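Labels for the chains are A, B, C, D, E, F and G, by order of writing; each one numbers its residues from 1.
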């Protein structure tokens, strides 16, 4: 930073444009995402799977009690990378929005609309003073009336649909694996195994995936998003 | 920036005038527009067409699910270049305004007035503290009581009527093509093809327009703005 | 700027006084006015005329659809130079104020009072924090109970009555022409032709006035302010 | 400014104290007063007169339509030097306050109290953040229950009673003339002529006082403050 | 200021602590007090007297109409040194508070409590952002149920009881005189003469106290605070 | 700080992102935690224990009256390290939230949810302007429907479940001891003794644990969180 | 300050954390406490005594009328060191809180709770923008249901129970004396004499304690907090 001419102060004020049209605070918030635990999602014709890795950062951390994949509603789940406390706030907001939608319209919220609601909150925090952007990216996925959906929302409030997407520390390696192995017509089991293999590919030498340090949520055509038990996770891990 | 005397700090504060009467934050917001995906509009006597290019920025991006041309009401559509999350906020606002107009006055909103409403929001964000300007330019077009309309709204809140206009990365080349080939009395099909050819002219060497990475919306004298199916897009692309 | 001792930071904060009693932000806002398209007004015993030039800044700009002279009420019109989006906000405000005056008092608003209302808004934006001054000057003119009126309002909120006044890029040359040729007892037609000749005198070498790139509004003793059709403009242009 | 140690930043923040107990923003606001058109007031036993000079700053300025001496109520008038738009705001406030006083108490507002009300608004703008001081000084005068009154209110909100006071560009010279020639028991006509002579003494070489570029208001024992017609002004000017 | 290390910026922000626990803005506000016209108070067993000097700063200043000693209620008066407009605001507040006290409790406000009310307002302006401290010190005095009271309130909001106190330009010399000559059991007349002599002692060579440029208010055991007429002042001045 | 290029101002503004995605104000708040008195918690199958050390910082400090372990509700307690006044605010909030939960739902609040409520307040203070983060970390523990729970909430608003956790001055050494000696199936007494031994291990040479300078709270399967008397503490201290 | 690298700007902004987790504004507020007049409290089994020294800072200061020990309610008193006006605000708040408690619950407020209320206000002024911390420390003491209580509240909002505590200019020496001579089971008279001796020990050479420049308040088992008359003070002073 000390020698580059580009950032001369534009990155120190509350979210304003730099001369090249960037919002530095938003870019920096993305750096917080890149430092988070790896998490990824895969969408095929038959299933959506969301996986998150949990690292035993400290030996006495009760990793079992940490949640990394979250149910937002019966048919939709999510995971995130970045500032955990920021993520929690957005997940609360998403759950409340889903619940209210059911109460008001007597039907589940569409995943497109739910993702948009989360992203609108994020956008607001990049345009108005007195706040900082959310330092978190969410992967939102599920099945809407039989159609699989997968989105990633950025700190800017932009969200994009993906066939597969990986974020966090191992995001680069996991994406590389996914790009080489993704096929649209995988079976449910193949979809889950693709996700697990991508997560494995993202690990650093010496790290090991076990049923205790991965969380898996998935939805199939039937429309239910559910999280695997530790036994199910162990069973899938044996197949990779 | 580091050596020019002109910008000495005027561009770092929330939207204020520089000694030459410029609003640097507004100028910088336009830089965000110039980095967006190319989008363009063409207005002739017989039709208005709005086209937007979608780039497969990442291999696993589900480009099919991305929307680039948006219906604002039955008779009017738009596209944008710049910050996608900012654009989404304005499109939501435009749709709500159109809907309310129908509810209150029982007739469609005029395209002039709708464009003014969007632009008034933009202006407010350039004159009041605690916010940043919108980093997005919108192309708004449609048919009003049989008359074709086409506007481009800038981050400053200024909007201008155009016969044809192109913005984003390829805006310079597309504009060049349009200036050389525009005629006011083209048929509907010729209007669409002019737009597609201009988009093609804006591409970098090696890029290729396919039905999957372009969106096309158009309105004819009958007053309906509608988006083409992928088959219609493929059919038109074969003619250029 | 880099070497002058005068401005040492006084021009960078929100509208405050410099040691010599100037408000730099207001002065800079006037620079935006000086960069606008030339516009001018002439007031004689028999008529008030307001003219604005429209430049075809881009070849595909639909200049015909751009408005440069605006009706504020039946008896009063205006034009402006400076930031178009700022001007639009003030014109909306003036139209609403005129309308409300008719509703409440059942008579047209006086041009003096309407100009004061516009200027009061401008003043407020130079004295309170969190906003920037309006970067626009308005020429307001019309006929009040048989008396011709012409005002120019500055970004500071100051307004002055003029016999003739010209602002924008060509303001200096147009003013020079007006000072040499102005007489108070011109006929309606002579008043209009004086305005057109002044506008012509303000043009740069190579520029040409045509019916398509000038707008003319005028009011005579009968008290109606109206805008000329393109045919009327063409007819007047032939006489100069 | 560039070399003096005294002002080191104390004059750049919103109205705060400098180490010597000054409020620089208030001092600078007074500089704006010193650049205004000369205006002055004279109070004798028999009359109060307020005069303001109007300069034909531009050849086409309609000086006749500019007001420089203002009626605040039947018995009290004022003039100002400094930022015209700031002065207008305070005059509006004074007129409304006078009117409300009549409505509530069914008697004219006292000139002391009216001057205090104006000055309280000014004080508030020197002590609270987010605003700048008023860049204008008002001379307020009239006759209260048979007693002549004359005050000058400063940008700080301080007001003082004067026998005679002159402000603006020619304030120094006019004051000098007044100090040498003031007597308390002048007749009404002598009071007016003293004021006119002081204004004349404040002019620069080459300037000339005519009935068109001076405004005169005065009040006598009968308690009515009224402005002279151009003929009256011409008649008085012939006597000096 | 330019060379001392102590103040390095702590005096430029809105009222915050410096490393040595000072509030510089409050200290600077006291400098404004030191530049004011000399004013003083004396409290003995039999009387309280408050005197203020009025300087004919300009030859045409109507010194007679300037008030320097103020009645706050029947039994209490005050004077001040510092920013006159700030003082006026606090005096208004004190008068209103006294009046409300009478209305609500049907008895005069105690002088202790009134002084506390004034000081609480001052304190608030030293602890909350967006305002500056009051640049004025008030001397408040009177007789409460037969007991003489005298307080001085500082810009910080601190107030102290005094036997005698002098502030403003001549405060140092007047205090010196008072310390040497104060006795607690002076008669009413002796108390007044002590005050006048102290004021005289504070004057610069060449200055002269006359009945026109001093104001005197006093209260005796009977509890009434009243201001002397010019004749009374003249009579006392002859005795010193 | 003085020489590293990394922090160039990002740590001086209200909580914003640095280029590497950090929130410096939050990191600095954690430094306040590290300077606090050592406190720790241990969770086994059979019990949760929370211990806090009280240092006799000054000889006359009435250490007996200082509380270091706090009951939040019947079944849940907490301790903290960092700014004591910040901790008190959050404990008040937690107690009120527990009480309201009982009133509204007629059942005890879950420890997960209570910890989330505390952490949501903390998060809010890291994302909105005009406030600073809480400089305190809380250890929250108890028994929920027979299941032992232990959380530590950070200044960022992040909270994590732990088997054992230690914070404050001796946090590093205590954690080291806990990592080497923790077992999940300790008895209630063994759990308490593990905590006490860890606290002892965290002490500096020369320091000594006595019943007067340690506070111990614990909960067993029966679900009651209670604090030990000084005699109980003495009795346990004899066993280590 | 000028040469140390530690403070590089962290102390100039509104209360934020420095890299080592300090709140400089709070530390600086404590400096104001250290400059105040010495005040101290002693708590034994039988009594609580609070003493404050009053210095005759100026010869004409009416020291007798200055209050240094304050009754907050029948059973509780306090004294303070630091900014007197800040102290007054908190004492008012404490008195109102005590009164309201009596009105609502029909019993005296507990001293613990009253101290917490005062401290909560202080904490709020260290965490929210737009204000500065209170520059004052309070010693609060009394007897609650037969138990003696003594607290000192710091500018940070932290409060601690003490057996004896001394603050202000002579705080260091007084504390030293108290540490050497404090015993828990002193009689009421011995407690008072210990306090007086500690105050004496804190004086500078040449200073002398007299009944006029010390204030003493105390409470015994009977629960009444009362201030000594000057005769009582004189009587106790003769015993030391």
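Everything that follows uses one rule, which is that a residue touches a chain if its C-beta (ideal position, glycine included) is under 8 Å from a C-beta of that chain, and two chains touch if they have at least 3 such contacts.
Nothing here was measured: the structure is a model prediction, and the numbers come from that model.
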Chain-contact steps, minimal, separating subunit G from subunit C: 3
Intersection of the contact lists for subunit A and subunit D: none
Interface composition of copies subunit C and subunit D: same or different, split at half: different
Intercentroid distance (Cα basis), subunit G paired with subunit E, Å: 30
Intercentroid distance (Cα basis), subunit E paired with subunit C, Å: 55
Multi-partner residues of subunit C (each touching 2 or more other chains): 13, 129-130
Chain contact topology (line, ring, star, complete or other): ring
Chain ring listed from subunit C, with subunit D in second place: C, D, E, G, F, A, B
Subunit A-touching residues of subunit F, taken from the complex the two chains share: 5-6, 8-10, 13, 15-23, 43, 116, 119-120, 122-123, 126-130, 150, 156-158, 160-165, 175, 178-179, 182
Interfacial residue positions of subunit F with respect to subunit G in the complex: 1-2, 7, 11-14, 24-25, 28-35, 58-62, 64-66, 83-86, 88-89, 92, 125, 129-135
